[in-house]
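Scroll down for the structure; my scribbles are underneath it.
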Amino acid sequence: MLSPQTPETKPVKLSVRNMDFRYGEKKVLDGLSLDIHAERVTAIIGPSGCGKSTFLKCFNRIHEISAPVKVSGDMMIDGVDIYRGGIDEVDLRRRVGMVFQKPNPFPKSIYENVAFGPRLFGVKDKATLDGIVEDALRKSALWDEVKDRLKESATGMSGGQQQRLCIARALAVNPEVLLMDEPCSALDPIATAKIEELIVELKENLTIVIVTHNMQQAARVSDYTAFFWLGKLIEMDLTERIFTTPRERMTEDYLTGRFG
Amino acid sequence: MRLFDTELKNLRDGIMAMAGIAEEMIELTIQALAERSSAKADRVNELDRQMDEWELKLDQLCVDLLALHSPAATDLRLIASSLKIIPEVERIGDHCCNIARRASFVHPPILSEGSLERLGQETRGMVRRAVDAFVGHDAALARAVIKNDDTVDDLYAQIYRELLRIMLADPLCIERASHLILVIKNWERIADQATNIAEEVLYILEGRSAKHPYLRGNAVE
Amino acid sequence: MAAALPFRPRRLSRLTNRIMHLALWGLALIFVLVLALFIGSILKQGWSVLNFGFLSRMPETLDAGGGIKPEIFNSLYLVALSLAIALPIGLGAGIYMAEYAGQGRALRFLRLCIETLAATPSIVLALFGMIVFVQMMGWSFSIRSGAVTLALLNIPVITRVTEMSLMAVPRELKEASYGLGATKLQTILKVALPHAATGILTGLVLTAGRAFGESAILVFTAGTNTSQTFPDFRLTVPGETLSVHLWYVTSDGTLPDAREIAAGTAAVMIVVLLALNLSVRVLDRFIRRKTR
């Protein structure tokens, strides 16, 4: 975990400047500006309804599936504007993977779940697919548990395993960024701990942004923490600093549970 | 109020109670020295026992709060600092006992009029102000206490030199003088404890350590 | 504590419960009895006729002893053809409505059209078929007239079933697919349709059953005559089906064993429909096991 003493060496992977987000007439995100560093874990915390998940989903433009959205301001990956820089959203979603709150494996076999992504992008050769599937399952600490039952249906797994399968599925297309929307909220403590361990391992090669309503989880796994409230960014800093000496009163009140 | 807030209040109140006992012990010690009263010295020892009981109780309270409530930000700093303030207060009590024990051995007085009393009162003042800073969330007061430590150190050095002179001049005073050296050493230590408490208060209030200013950014200035 | 709550005495609730239980049982029993009576009476009437010869002979126009060989073929052939036409259209429309149309006027209009078509009495569709296909297009009473008109009957049902099955696909699955970088088409083909397959298949089989039993439409479009060659796959010849044959021999009344033939035809139809319904159940279980 980063500490205030060591300076940040990693470049900025995702950056946001003055971003507004509207559902119809309602402004859900207001004037957001922040930087997310590569190969770090950035946690987004805040009370329910403050726009954290909405914000997360802006990075892979998945809102656009259900309804047209209005995004103003800049949102950039590696310096290229996500919305206006001519990026193809299908390619964006390969680069920016997502893990959802409730595990949502396809009702197919474990193998087919992980191979789904690569197949979308034209990988057909069985040997290659086998390799990709094994690699992804190893990276998400599932391989040893499922290597003998890859053909079994994914829906027969426990919640924690299913979520790790969803992570493997996302990893199979070799993303640069992994967005995690409260990935542990439906899981028991042991499964949660396994996934938190996984997050710390994965960040070696991946930029991770995790939305969580569990402050302690944010404290445990993240390098940076951003506190959102009612669609605005109140404070963002090194996790260590936010949890010991937050600058804003609101952050302090939220962390000490004295909100409202 | 939530359970956690109640417990935090208990912690603060407990520290205040402990500090109150410390101040009473200091007062009695000053008097015991002046009046050569063994009754008052005994009372100091009784109070020390109460102090020790408080220490155990409050230490446990701090650990419980950490275990059960995962405190963050100011609450966290308060509890972490309390774990350091509590033993400081307890040691103030121990030093008072050390001083009070020697009350009968420093008579008839050999020092210049009032210098010993002044040291005691300066020290008492520092302790009181450090506790006030804790209770009143007063960073300025805490800084004043830290600065005051120099005054007490100077006073200690001054009395020490005087005692050396007295011992060289009149060998009959050596026994009383050596007791007095230990007495003033203990006062000086109590002042250090008050300073440490003030430093912790600054950490609670501002989030940066006020210790060892020679090492880096100075929280005191 | 305040006055005791006005609970009903337990014995009364339990008694009511018991009575309802028995009543519902009774209703189910009545249902089974009615069904047994109905099937029984048909079998009794047609018993004399039901043998392999019945199924393999050509029908007679004047004498007793006719069979229903070509009618069986025509019934199945027409169902297959009409489904072949209706399936792509219904599936396409269903996919469009579930996945591509917005929520606005286009969708509402489409839905109105489909519901209107679905609500049209089959006799009206029959008349339409006769006017447009038999007369205007000059197809005359033929298999193709029957198949196309029958398809009109099937399309609304298949569309509705497809649309509903697709809408029942959990949003999370589609989200997961999009999240991985799938296009809309890929998501529909690889995630939504496989998930909706059970529902759609079941709907298809039930549609087939309905088409199999349809009479009014086919009287006016496929006619009451049948080709003398067997089997005749040509689309231009008339094709009397089992249901039409049943109606024809009964209303015409000239055949001496009309009643027996009608009952025998009905029995064959019931057997086919029962088999179809059972197969739905087997299919359902099979698919469910596959996706567990």
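A few points about this structure:
We just call them A, B and C in the order they show up, numbering each chain from 1.
Assume contacts are C-beta pairs under 8 Å (C-beta built on N, C-alpha and C of every residue); 3 or more make two chains touch, one makes a residue touch a chain.
Predicted model only: the values in this text are computed from it and were never measured.
Path length between subunit B and subunit C in the touching-chain graph (shortest route): 2. Comparing chain C-alpha centroids with the centroid of the full set of protein C-alpha atoms picks out A as the closest. Centroid analysis (C-alpha atoms only) places B farthest from subunit C. Two chains share more touching C-beta pairs than any other pair, namely A-C.
The geometric centre of subunit B is 94 Å away from that of subunit C, both derived from CA atoms.
Taking the mean of the C-alpha atoms as each chain's centre, subunit A and subunit C sit 48 Å apart.
Centroids of subunit A and subunit B (each the mean of its C-alpha atoms) stand 51 Å apart. Touching subunit C in their complex are the following residues of subunit A: 60, 62, 65, 90-94, 97-98, 100, 102, 104-108, 116-117, 120-121, 153, 155-156, 166, 169-170, 173.
Those residues of subunit C that touch subunit A in the shared complex are 170, 172-183, 186, 190-191, 194-195, 291-292.
Listing the residues of subunit B that touch subunit A in their complex gives 2, 4, 70-77, 206-208. Residues 215-216, 219, 243-246, 251-252, 255-257 of subunit A are the ones touching subunit B in the complex.
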